[in-house]
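For reference, the structures are reproduced in the following blocks.
Next come two complexes, and both contain chain A; in the first it sits with chain B, in the second with chain C.
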Partner chain A sequence: MSDIASPAPMRRLQLDPVTIFGLAVLAVLVATAVLAPWISPYGPTDINPAARLQPPSGEHWLGTDRIGRDVLTRALHGGRISLTVGFLVGIAVLCVGVVLGLLAGSVRWLDGLIMRVIDGIMAMPAVLVGVAMVVMWGGGLWALLIAIGIPSLPDTVRLTRSLALSIRTEPYVEAARMGGTRLPMLLWRHFIPNALAPLIVIGTYVGANAIVAESLLSFLGVGMPPEMPSWGNMIAEGRLAFQIAPWGVFVPALFLTATVLAVNLVGDGLRDSTDPLRLKSD
Partner chain B sequence: MNQTKEPAVLDIAGLQIDLPIGADRPHAVANLDLRIRRGEMVCLVGESGSGKSLTAMATMGLLPRVLQRGVRGTISLAGRDLLKVTPQQRRQIVGREVSMIFQEPMTALHPVVNVGAQIEEVLKIHRPKLGAGERREQVLAALQAVQLPSPEQISRAYPHELSGGQRQRVMIAMALILDPMLLIADEPTTALDVTTQAEILRLIKDLQVRRGTGVLFITHDIGVVRDIADHVVVMQHGQVVEQGSAEAVLGNPRQDYTRALINAIPELGSVRPEPKDLGPVLVRMTDLRKSFTRRKGLFRQERFDAVGGVDLTLRRGEVLSVVGESGSGKSTLARCLAGLTVPSGGQIVVGSDVSQAAGSRRQRQRVQMVFQDPNRSLNPRRKVGESIIEGPMNFGASRKEATARAAELMELVGLRPDSLDRFPYQFSGGQRQRICIARALALQPEVLIADEAVSALDATVQQQVVRLLDDIRRRLDLSILFITHDLRVAAQISDTIVVMQRGRIAESGSVAAVLGSPQSDYTKRLLAAVPGQKHSFTEIEAND
Partner chain C sequence: MISFLLRRALATVPVIAIVMLAVFLVVHLGGSDPARIIAGDSAGAAEVETLREALGLNRPLPIQFLDWAGNTLRGDLGSSLFYGTPVVDMISVRIGPTIALAIGTLLFAVVLGVPMGTFAAVTAGRWPDKLLMGVASIGFSLPIFIVAYTLVYWLALVPGWFPVQGFTPPQTDFGQFLRGMTLPIITLGAFYMSLFARVSRAAVLDMLKEDFVRTARAKGATPLRVLTAHALRCAAVPIITIIGSSFAGLLGGVVVTETLFNIPGLGRLVTEAILKRDFPIIQGVILVTALIYIFVNMVVDMIYALLDPRIRQ
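This part shows the complex of A and B:
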């Protein structure tokens, strides 16, 4: 149904400078992460014992770590992992959460069931659940995605449910019901398009949190394998030589902050520009 | 009109409010002159978008920021130009001397503070020298003045515990406690039932006459104007079309627009000719019941009957109006017939098919509905054409057939067929209501339910939509169940009127019978409260 995906008001997206800045930062981060192997003359796992803990120089722009790996190269490669995790978790949580939330908000007997499970998830501390799951499944990207994704489900489910509850009483939904539209089509044509704007925003928020969560789990040693250049791993390792070579911590931390900030700025910008109050005024 | 030399309470001269570039017209308000003397009631009339509310907002200093820069002219309050003083001074003057009451008292009151404390807050700010005891006394006196029973109790109540009329009285008490020179009332009775509206109008009129407050009363209802106005200002597209004394403007309007506004208000007397022969019974409701459970306190639940045993028949080609105040169960009745609510008991039979559970897909197709709020009854993210063809396609029509039919329907409801590709926000409220009618007709229903379908529209647009419904009924031999709180509209369109009170039928019969010689007290009260008859307020003016 291509006709649904074309809500006219969205076409006239007007982005403010801050959002454009966020998009630009994000674009640079994505581009450098994708092009990392071609940008940098070093490999992310190339060890050079002769050049250990070197400060930033013409040869190593942002210095080297304890075993002589180029910090910038590793940080760029780390972006691949972080951005992948953020993107995949954002999409996955959005898909699962929206389906659960819509069902909870529109089918009465499912509501209690779904929401109690969600309450259960909320009651568990996210980091501990993550650690437990990764330990149970023995690490790797997929285990990490699930470990990060499940604790961030509740926000999306609850938001979608509350949107569904208010959309359900809209006269246009009642008119469609009277016209014989059944639940799946009702959700697809009427609920989702009208809930889209806040959902995109929460998707960016989930993505940003996932990036932080991945770094946190890696830092704790249960994320990506230690030799992989993830930002969390780099911070964990750089910590050991922090007094001598602070760039080992600062560089990945800076990349992490920039990414999360950019994603959040873009999310806020999208929220503002799809605000129905703004749309109505023209 | 007494033309004394007394300075006007409010004197607006050459007021102009610019709209941002790209709006449909350059000025929201252009070249407006308006003068209110002490104890005078000036009614500002016009349709939505005519600039009447913006005029009030400009006086209060409450304009949206984008418009604030484009304000020119003078707005003088007792000789002081509010546009020349500093914002702080302005806030002080306006706070003390001007009060405002709004359309929706529920949102204008703070929901979690009791109303006594809210009124007291006004005193705390503007009369800081008063002691707590004195303040309390004044609050109770104010509640007494607006004729609320047991002020003590009311002052401790929270807004949600009061009825709409009581809330509006509280708002008026709050507005008048500082004895302002000027009261601005922006559609203060639009959200209220007729009987409550009549009481509130009487109260405002009474306070105006006795206290000598100048009142700027904004309304779209000529009937209300006829009841209360001393002086009338008619606005259209931001400009004053006509102004003068109430008798002159209403009795002998000089402008076409004013005449159109006055003629758009149906008069109760203008009953349509006796019904033509009606067809066979199409809908039969027997002992229809719908009860809801309300939670009362932590554990107690209370059942209450929204509809408590209603028998009703609707014939083919008949227009049956269900009238009553809010909470009378008229909308619940309509929703039961529409299949949007499952009745708790009783039977609804459409045609000859006996189905206890109203709301099967088959039955839904035969009964369609037009909703009240034109802003919410179309999916804002879908082209209107998609909304119209959705139903027929659910029942097996091809996209091509359905679209061709939709184009015909657009023409039938008086819109261009090529606007099917547009989105709802590109249409006005009246046009959207026409689209909703087209959507309902797309399923070729036998019964059309119009649930307050014209209540949110301006009088002239209302009249057009009512005519359209009547025309469609005749052409397609439809039955219409017309739900309304407005007896005047009901009188205009229906063959039969059913008056509902607290979930039951208080009275029913032909329009001429019910409106001409009402039997039940409730109907009589409803009729007496209809604005525009200029009878209930004469005694107050005589006292002055």
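This part shows the complex of A and C:
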């Protein structure tokens, strides 16, 4: 973290070129994912046995896979899955994490309990817990989303708790409490404005992690159903023909990389330009 | 000091209890019925019911938990549903490659990442800092797949310098073992190198602003001595914290890396168990990795106490 003073509130949304680049990449990825059925002449599950393992060409810009499906088309459709997962998990983790963090930061007897649970979650490798949950809970989209979301709770809970603890001792909050302001109003007036920026930043990292986690679980065979063109599924399938058709692995992997890099760049940019407390100073 | 060590060791007890409860609940609160999985798809309802009774799965959950926890604490992690061998034995056969990969990755990441971050902090704001932190922020975002397949393609498949996949035990052929571990270690290590570089930079930068560093400079200590004897020594605390707390993720990353490179470690054991829904294995591996994590972090906290006497109080 640089030792430059935090920007004044008025300059908050001045983003540096790198962040704008990240936003632009993200916008292109979202647009191509949304418009995938109209961009590509092929369907994501259209099989063409005559055109198996074709290298990139005018017809198939990024080649075809083992059963002749168009790799670019599948990667674009994979973006729909990944971006949806990232967005849903990001929002859900923020909501649950904020509630737990506020409880831990304001109800004394719950604090120890919640924080020990968080320690427990941090001790278990996320990928393994995800695998166990999906295997035992019989798969399905909800099991997958929960399996991806729970391991990313600790950061949000810890951040919210520390914000709650630091804000409640601020003189203006004590004054408001003594003046009889009720809890919902306190949260609305004092917690939300202070916490919103760092929480959005954490949310972007949670979203990026969720996208990676989905691809890892799909790759291991416990993520999206195998017929769905998720990037992890594509990589798992593509590696079977990696020596002949490396594009089957590299294309979805590059899409995944671009997405995660873009989301992280946006997160870093937002952090640097909004974070007056410099909470994540790494 | 002794009392600090004891208190720190005792503090692991609730966390271990919660991890055990979580692992138990994942298996028993899910939609699927362990007896159903064990009996197989062809079994009838009566067969499943008999099996449920035989396994004690019809007892109240708290009783089942205490029973299971008692066995676990005695070192009995149950048996594989498919092979019938004790899970403890299967884990002890497979843990070697996993430990080798984890330690190799950690060494790689620390040896490269910490100097990277330190150098970036010393040159803060100038081009070496920007270059190194650019590399770190890319390394931080690169999914494991892209690193793995890029390395495999350009260093193994095309020139044949490294094996594409597989594992040679070190006692068979140590050179071949190292060659086989190189690509998996870089694959998994790229992320942790970047993480450690970022944290080290922030930690050293904070220390360089401290009064005692200014005092050391004023006394005429050379820049190298200021850095090593004063700044780095204090920056070690946050750096060691992040190394300890990244251990759980590291062990999770090992699962995927082992699958990518066909290394017969704990990760492969889990992926094989997934296909057969062999949940005692998955449960056992999660427990063992969580215990390793809890132990490592306990040791890390004890190292702090040695480094920084204020923590002992």
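Definition applied: the second predicted complex is superposed on the first by the 263 of 282 C-alpha atoms of A that agree within 3 Å, B and C clash if a C-alpha of one lies under 4 Å from a C-alpha of the other, contacts with A are read in each partner's own complex, and residues count from 1 in each chain.
Note that a residue touches a chain if its C-beta (ideal position, glycine included) is under 8 Å from a C-beta of that chain, and two chains touch if they have at least 3 such contacts.
Keep in mind the model is a prediction, meaning the values are calculated, not measured.
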| item | value |
| --- | --- |
| Which superposed partner A:129 touches (first chain B, second chain C, both, neither) | second |
| Touched partner set for A:193, first chain B, second chain C, both or neither | first |
| Touched chain A residues, chain B compared with chain C | C |
| First (chain B), second (chain C), both or neither touched by A:183 | neither |
| Chain B versus chain C as contact partner of A:24, first or second or both or neither | neither |
| First (chain B), second (chain C), both or neither touched by A:95 | neither |
| Contacts of A:219 with chain B and chain C, given as first, second, both or neither | second |
| Shared contact residues on chain A - chain B and chain C | 3, 282 |
| Chain A contact footprint on chain C (complex, rising order) | 14-15, 18-19, 21-23, 26-27, 30-32, 124-125, 137-138, 140-146, 149-150, 152-153, 157, 195, 198-199, 201-202, 205-206, 209, 242, 245, 248-249, 251-253, 255-256, 259-260, 270-271, 274-275, 277, 279, 282-283, 285-286, 289-290, 293-294, 297 |
| Chain B - residues contacting chain A, complex | 22, 338-340, 361, 364-365, 367-369, 371-373, 376-383, 386-387, 390-391, 394-395, 423, 425, 436, 439-440, 442-443 |
| Touching residues (chain side chain A, partner chain C) in the complex | 1-3, 116-117, 119-129, 131-133, 135-138, 143, 208, 212, 215-216, 219-222, 235, 239, 242-243, 246, 249-250, 253-254, 256-257, 260-261, 264-265, 268, 281-282 |
| Chain A - residues contacting chain B, complex | 3-4, 7-9, 170-172, 174-182, 185, 189-190, 193-194, 196, 276, 279-280, 282 |
